[in-house]
Every structure is written in structure tokens, then in C-alpha cells.
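Right, one structure below, let's go through it.
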Amino acid sequence: MDTLPSLIRDLVVANRILAHEGVVDGYGHISVRHPERSDRMLLSRSRSPELVEASDIVEYDFEGKACDGDTRPPYLERFIHGGIYAKRPDVHAVVHSHAEGVLPYTISDVPLKVVLHQAAYTGTHVAKWDIADKFGDTDLLVTNNDHGHDLAHTLGDASVVLMRGHGFTAAASSLFKVLRIAVYLPVNARVLTDAHTLGGQIKAMTPGEITRHASIDTESPASRRAWEYWARRAGCEHML
Amino acid sequence: MDTLPSLIRDLVVANRILAHEGVVDGYGHISVRHPERSDRMLLSRSRSPELVEASDIVEYDFEGKACDGDTRPPYLERFIHGGIYAKRPDVHAVVHSHAEGVLPYTISDVPLKVVLHQAAYTGTHVAKWDIADKFGDTDLLVTNNDHGHDLAHTLGDASVVLMRGHGFTAAASSLFKVLRIAVYLPVNARVLTDAHTLGGQIKAMTPGEITRHASIDTESPASRRAWEYWARRAGCEHML
Amino acid sequence: MDTLPSLIRDLVVANRILAHEGVVDGYGHISVRHPERSDRMLLSRSRSPELVEASDIVEYDFEGKACDGDTRPPYLERFIHGGIYAKRPDVHAVVHSHAEGVLPYTISDVPLKVVLHQAAYTGTHVAKWDIADKFGDTDLLVTNNDHGHDLAHTLGDASVVLMRGHGFTAAASSLFKVLRIAVYLPVNARVLTDAHTLGGQIKAMTPGEITRHASIDTESPASRRAWEYWARRAGCEHML
Amino acid sequence: MDTLPSLIRDLVVANRILAHEGVVDGYGHISVRHPERSDRMLLSRSRSPELVEASDIVEYDFEGKACDGDTRPPYLERFIHGGIYAKRPDVHAVVHSHAEGVLPYTISDVPLKVVLHQAAYTGTHVAKWDIADKFGDTDLLVTNNDHGHDLAHTLGDASVVLMRGHGFTAAASSLFKVLRIAVYLPVNARVLTDAHTLGGQIKAMTPGEITRHASIDTESPASRRAWEYWARRAGCEHML
């Protein structure tokens, strides 16, 4: 089990990786479940992921309240994270992203299928959430616990939920897995879009293939080498 | 209210941000209304936005004449800005851009709908202007007050006007809002183009959703964090 | 009239600009007609444009022979340049490029129309050359004077000729004009491709619009500011 | 014939080039046949290509066993390389890549034709392999000798085999040739995809054109200049 300081350090690295790999820009965020207090999560204060430092990480409960009296402005959409942790004990890390490659699938009725093994941690089903279904006309943001719980309800047992006109949220059992989903789902989406351009038949991964690939150990050398690569590119060698 | 020096500093930062985020290249420009003289605007002399410094900023009247005797060559298309400020007292900042993602919609009859919440400041209607409608064969440039007034007339109450074969112009009540439109409208356009590739049904934002999102306070922490992020990426930390 | 040293310096800058703007990679080249000897051209020895220095520039006649006994390997395709200069006294600069945005139009029968004012120096007609029409199965390269003359014949009075499965060649009356064509033709091509994706009606520039825009003085402040911008980005401030 | 140290140095450079040109990311690898022991190959330990150094290169037999007792974790998919070297004595270098441009053709039944001369080393036929045809539901990875031999069988006499939902593998008679295929096949793929977007007739290279272009000497100045260019861009001037 990770100690708190090492997990915070990895969370900072993960923030930088998401920014450097183009998964997030000024917006988007990543959290982990607290390693000692399973009813809390660690998430940066309202800051762009590329700039996040260890001192920006705050402990929140799943209602989105800072646990240690931190008064710095929080992310408006921290309810995305709280809603999922509250509902899914198996989830230890959550990413929310507006990655451009995925966005077309949030506004189209064409399904985002997993076609690339690199994206297999996404799982066999991608959920879709339209905030308007339950809440009517909003600003599309997940700004309260009702929104967060409804999003988590739509996510269900899946790992990814598309959010109409907004982005996606990924949930996984570890920081590495959620990072891998967040990096490769946009690639999978762009490749699928280009395959639609070609106009022929498209062969997606089968559920069996997805399940087998998704069971690869995230502590394997292949996984660790991706972490090393991403972290170095993001300027975080010194944090490895 | 911003003081003149702080507004000029922000305008320089905004020039650099537009260049770094790929909204402008050697061409394109951004202006603000003068904070003390509502009949004047601040705009760089003819210089590529990435290179603009405080000493490049010139005061112009809305006919495009330099107010302080500055004799350095002005932008040929400063009439875009003057025409809009003259007609729209609510507008305090204007961007003109040739951003590639938006350009297909300037030559196609397929409408550029707002589909992403990030682009909601664009508003519920995107205007389209074809200089040929009134002026016949030209070089497509907005090079005099007649052109500028006609463009502003077509813009009407909207925030964005597409210019056929040329680019777009965005107008907003603040520098941050116009910057946000300019950064995210190309993203919205690319995502919509990709959604068309998929060939299914597309769900745009509703007018109610756009209006709600567009009313988010630009002084919110979320807005300020984007400014910090963009400015740092553009090498302007020292100007924050 | 440019002096020889200043023209060579500008040619080096133009090489770096083309590389930095993504118009050429390890391949592709740019030449100018000799300012004092109208039957000669200045072109780098076989070197990637990003790396070209003044000492790499060689004088060639229009048959592709080095005039000063230079024995360093020349570009295999220098006949592109010689063929055009020999046929077109009005041409003072030539670019050959494999820019990706343009390539689809070299293998498709869909025409590459000028739709953006930035690309207007391209002119009202884009020529298309298929080396197989006259020479049957080749390696697609322009490796002798027969190839070069045939390409120039197909170019005719136009400014751009597409080369099937290969790239394009642009010819213009000045270094700045040919550079502008080379930078903006790929943008025009990508925008047109995206407009085709949208599936609606597309409005190209009219011949009158193209002609008017193409007559803009290349010594205007707007032109000089693009050169400054491109040169600085390419790391050539010290050569301005 | 290359000496072992110079070949290892070139292999390190090739790793860095593939990373810098976007052909590989944290995953993907490149190998060469041992210059003195034709039954062995040189391949990095499990490390991202951008980070590979000479000390990472390991000698493996074609069953994927390290020959010198190296115990560092190997690439999981080294069987791709061993399978091909064992079957194809003419092959001296192999690249495995997940390059995004090529991926749509691995999941679509639309053929990846060679349309650009730059991609002509790809050859007249691109093979396609679906691991499910022989092995049913797997994780799509080539993780044992049976997989490797089957892949090599499908490759046959070709230079490139597409791997469904995964990527491609290229095999050639030299490091330069395989690098050139790996760099330009994604370009060829993207251009072909865009040509499909245009919706007109597409003209591919003829077999005769491909064969002629593919016979160009890789020791030509044009080839050496590409190597110099790619190596410098990848930060490897000091290794030239």
C-alpha cells in the first residue's frame, strides 16, 4: 500500500502527465482515494493540472468539503469524484477530461467502441450521460452532489462515462490504470473516427479480448516503463 | 475598473496567449476598448501577436486613426475593431483570427453550432458575413470603415461572426471572455467536424444551456486558473 | 535589387522557415534565381532545409550543373527548379514540398480550389502533373531535364503544380510570395478537406477575388511582419 | 559491414528518431540482426524508445532468450522480432509500432495502399494479421513464439504487416529502410484517409513505380541527409 506522501507525489506527477499528453488543458482534474481514510479523496485545489504541486493537494470528503479547513477555492466539479468514490468502493482513482478526440462521441449517437488494445482498460461498455435527462437546461457542469450521484449512477459498473457536450470521466482501481485509460481513450476515439472516414467495415475488440487485456498487471515492466516515459516527458524525472 | 497600464499589460499577455494556443499566427489581432475613453481602442501596431510588447500598443479612434500621432504602420484590418466598438457599447474586447478549425465553416453552408460547454460564451447564434454580398469582388480584407461597419451590422447582437474564406471575429464584454471564445471556438468547430464524420445524429447545446453557461462569472477561480495556465504556457509568468 | 549576400541570407532563412512551419521535412527544397545572372539559380547542396547554412548554397545552371565546380552531392530533383526558371522568366523563386495537407489532392481527382485569402497567391488555377502520363512507370522523382521540362510545361502560367503521389511545386516572382504560397497552400488544402467532410455546399474564392488579393504588395507592412514572425520562430532573429 | 559498436550506436539513434518522429510512444520497439551472429538480434531491454541508451541493448536469440545472461525485464513482444528474423534471412531490421495514422487500417477492411513515393519501401503488398484468426480471444499481444511465427507467416515476403487493433510491424534489409518505412507509412496512411474524405477517385502507385522507387540506394546522399536530419532533431548530433 502506498504511503500518503508517495501517493501525493504520484498524484502530482499524474497531473503533469495528463497535461503534457494533451488529455487536459487549463481544465480537467485527477484524484485518488485516500490510502488510509477510504471515505476521503485527494484532489488539487482549483489549479490547472500542469501547474499542480504537492502543496496544492487537498483532502476532501465525498460531499466535496475540505477536511482540513483548507479555504483555497476548490474545483467547481469536485462532485464528479466524490459521487463515484461514494458509490464504487473498487475505484481508487478518477480522471475528468475534455480531451478533444473523445468529444465527438459525447454529442453523437455513434458509439465509442474499444478498438485498440491500448485502450482495453476502458472495458467492454462505455456509459453515456446527458445531464439534461434529469436536470433539464443547466450549464452542463457537475456542480453539486445531486449531479455527482446521478453521473455515478449512469457510470454504474463501467470505467468510463461520456458526458454530453462536456468530456468524459474515467474511474479505475489504480492511478496507473486511470491514467492509461485517459491517455489512450482519445487515441482510440481518433482512430475510430478515421476508420469511419474510410467507410468500410470496422472490427472492434471482442469482450473477451478486452477482458483479457484489461487483466494485465499494472505492476508489469511494460506498465512501469510507460510511467517512466510519461513522467520524464512531463519534466518529472526528479519525482520518480 | 482596470487601470490603463494593467490593461495594456493584460492585452500583451492576451496577444501572446492567442499565438501560443494556435488561434493566430503571423496574422490576427486582439484589441480592448480604452478604459477611460470609451471612444478609443487599444491595439498593437502591425506586428505578429507573438511578438507584441507594451510599446507596440497604440490608441486608435474607431475610424482607425492613431490618436497620439503614432506613425508606425497599423494593421490593415483595424476597421474590424473600430466598426464593432462603434456599434456595440457592450463590447470591450475584440479578436480577429484565421484559426484553422473554424475556417471550414466560413466556406460551407453547414452551420457552426455550439456543441461544447467550453464554447458557450459564443452564444446562441453565430453570424456569417460574406464580404461579396455588399462589396462584390474584393481581396476579402476589411480595409476601410465601410467594410467594418457592414461587418458589425452583420454581427448584430451576436458574439461571433464568421467571415467567408477569411476567419472569424469575436466580440465580448471582457478580455477574458473574448479570449475564451477565441480559444474554444476552434475546438468546438473541430469536434463538430469530427462528429459529422461519424455520420450519426448530433446533439448541440440548447439555447438555455448556452445562456446558463455563458453567465458564469469570469472572475471565478475557474476563469482565473485558465488565465494563469495560458499565460504561463505563453511565457508570461512575469506579467501575472 | 537584392545583393547576392543578402539574397543568400534570405534563402537560408527561407529554408529554416519552411522546415519550422512544417512545409518540408528532411526532403523538399527552395531556390531563387541569381540576382545578377538570370540564367543561374541558387539552391542548397543536398541537405535538409532545417540545417541549411549560407555555405551550403550552390550556383547551378538550369541543366542542374554546379557553376563553380562544387562537387558536393546536389539534390536529385534540382531539375524541378531549372526546368521552371528556363521556361518562366517571371519566376524568381521556387519551392518543392511534400506537405501533407496538399498530398491528398495529388492522388484524388477532386480539385484543390483556393478557398482562403491567405492562399490567394496560388492563383486562379492549380495545375496537376502525373509523371506517368509521359514517362510511364518511374520512381516518381524528377531526376533529369526531360522530367523538369515536362513539369514546367504542365505548370504553364500557373503558380502551383501538384505532382501525383509526390507533392507540389510553387513558383513566384519573389521569395516572399513563394514562401507564402508554400505556407498557406497546405492550410487551404486542410480546410477544404474538412469542408468536404461537412458535406454541404462549398464556396471557393472567385477569380476576381484571387486576382485582387494576389496583387497585394509583398513589401507591405503585413508581408514584412509575417517574414519577421516566421524568421523568429525558426530561430533566425540574428539574420533579420 | 557495420561493426557491432557502430550498429548499436545507430540502433540507439533509431530508437530516439522513432520516438521524436511520433512513430512510437512509451511502447513500440526496433531491432537489428546481429552483424556477426546471424542467429541473434539486438533489441533494447523493456524501455521506452525515447530513453534507450547503448547499455540498454541486449542480444537475444530468436526464441527471445537473452544470450548473455541479462536479467533485466525484456519487451513482452520480442517474439515479433525473433519470428521474423528466423523466417526471413533477408531481413536485418524490424520495427513494431502503434503509429496512430496506420491504426484505422488495422480495424477496417479498406486496404492501406501505397500512394506516396516516400512510402515506397513498404512494397506492393501490405499484409494483414488478425491474431484471433488462429488464437481466438487473446489480449492482442504477441507474447510467445507461436504468435511470433504466425505473424511472420502472414508477413510472408512483404515488408509490412498490419496487426488488428494493435499496430504494424515493418521488416527491411537495413536500419535505414525500416526507419523510412516506419516514418512514412503513417504519413501515407493519413494522406490516404484524407483522400477518402474527398470522395473522388484515388490513384495509388503502380507496382512498377513502387518497385523502382524501392530500389533507390539507401546509401545515396538523399538517404543520408534524412538520417542526419532525423538524428539532429532527436538530439543525437553527437552520435552522428
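Letters A, B, C and D mark the chains as written, and numbering starts fresh at 1 in each.
Everything that follows uses one rule, which is that a residue touches a chain if its C-beta (ideal position, glycine included) is under 8 Å from a C-beta of that chain, and two chains touch if they have at least 3 such contacts.
Note that the coordinates shown come from a computational prediction; the quantities given were computed from them, not determined experimentally.
When every chain is reduced to the mean of its CA atoms, the largest separation from chain A belongs to C. Centre-to-centre separation of chain A and chain C, using mean CA positions: 45 Å.
If each chain is reduced to the centroid of its CA atoms, chain C and chain D end up 32 Å from each other. Residue numbers of chain A whose C-beta contacts span two or more other chains: 197. Interchain contacts close the chains into one ring where each touches exactly two others, per the touch definition above. Listed in rising order, the residues of chain B touching chain A in the complex are 115-118, 120, 187, 190-192, 194-195, 197-206, 208-209, 212-213, 215-216, 220-222, 225-226, 228-230, 232-233. Residues 25-27, 46-48, 50-51, 73, 75-76, 98, 100, 103-105, 107-110, 130, 132, 136-141, 164-166, 193, 196-197 of chain A are the ones touching chain B in the complex.
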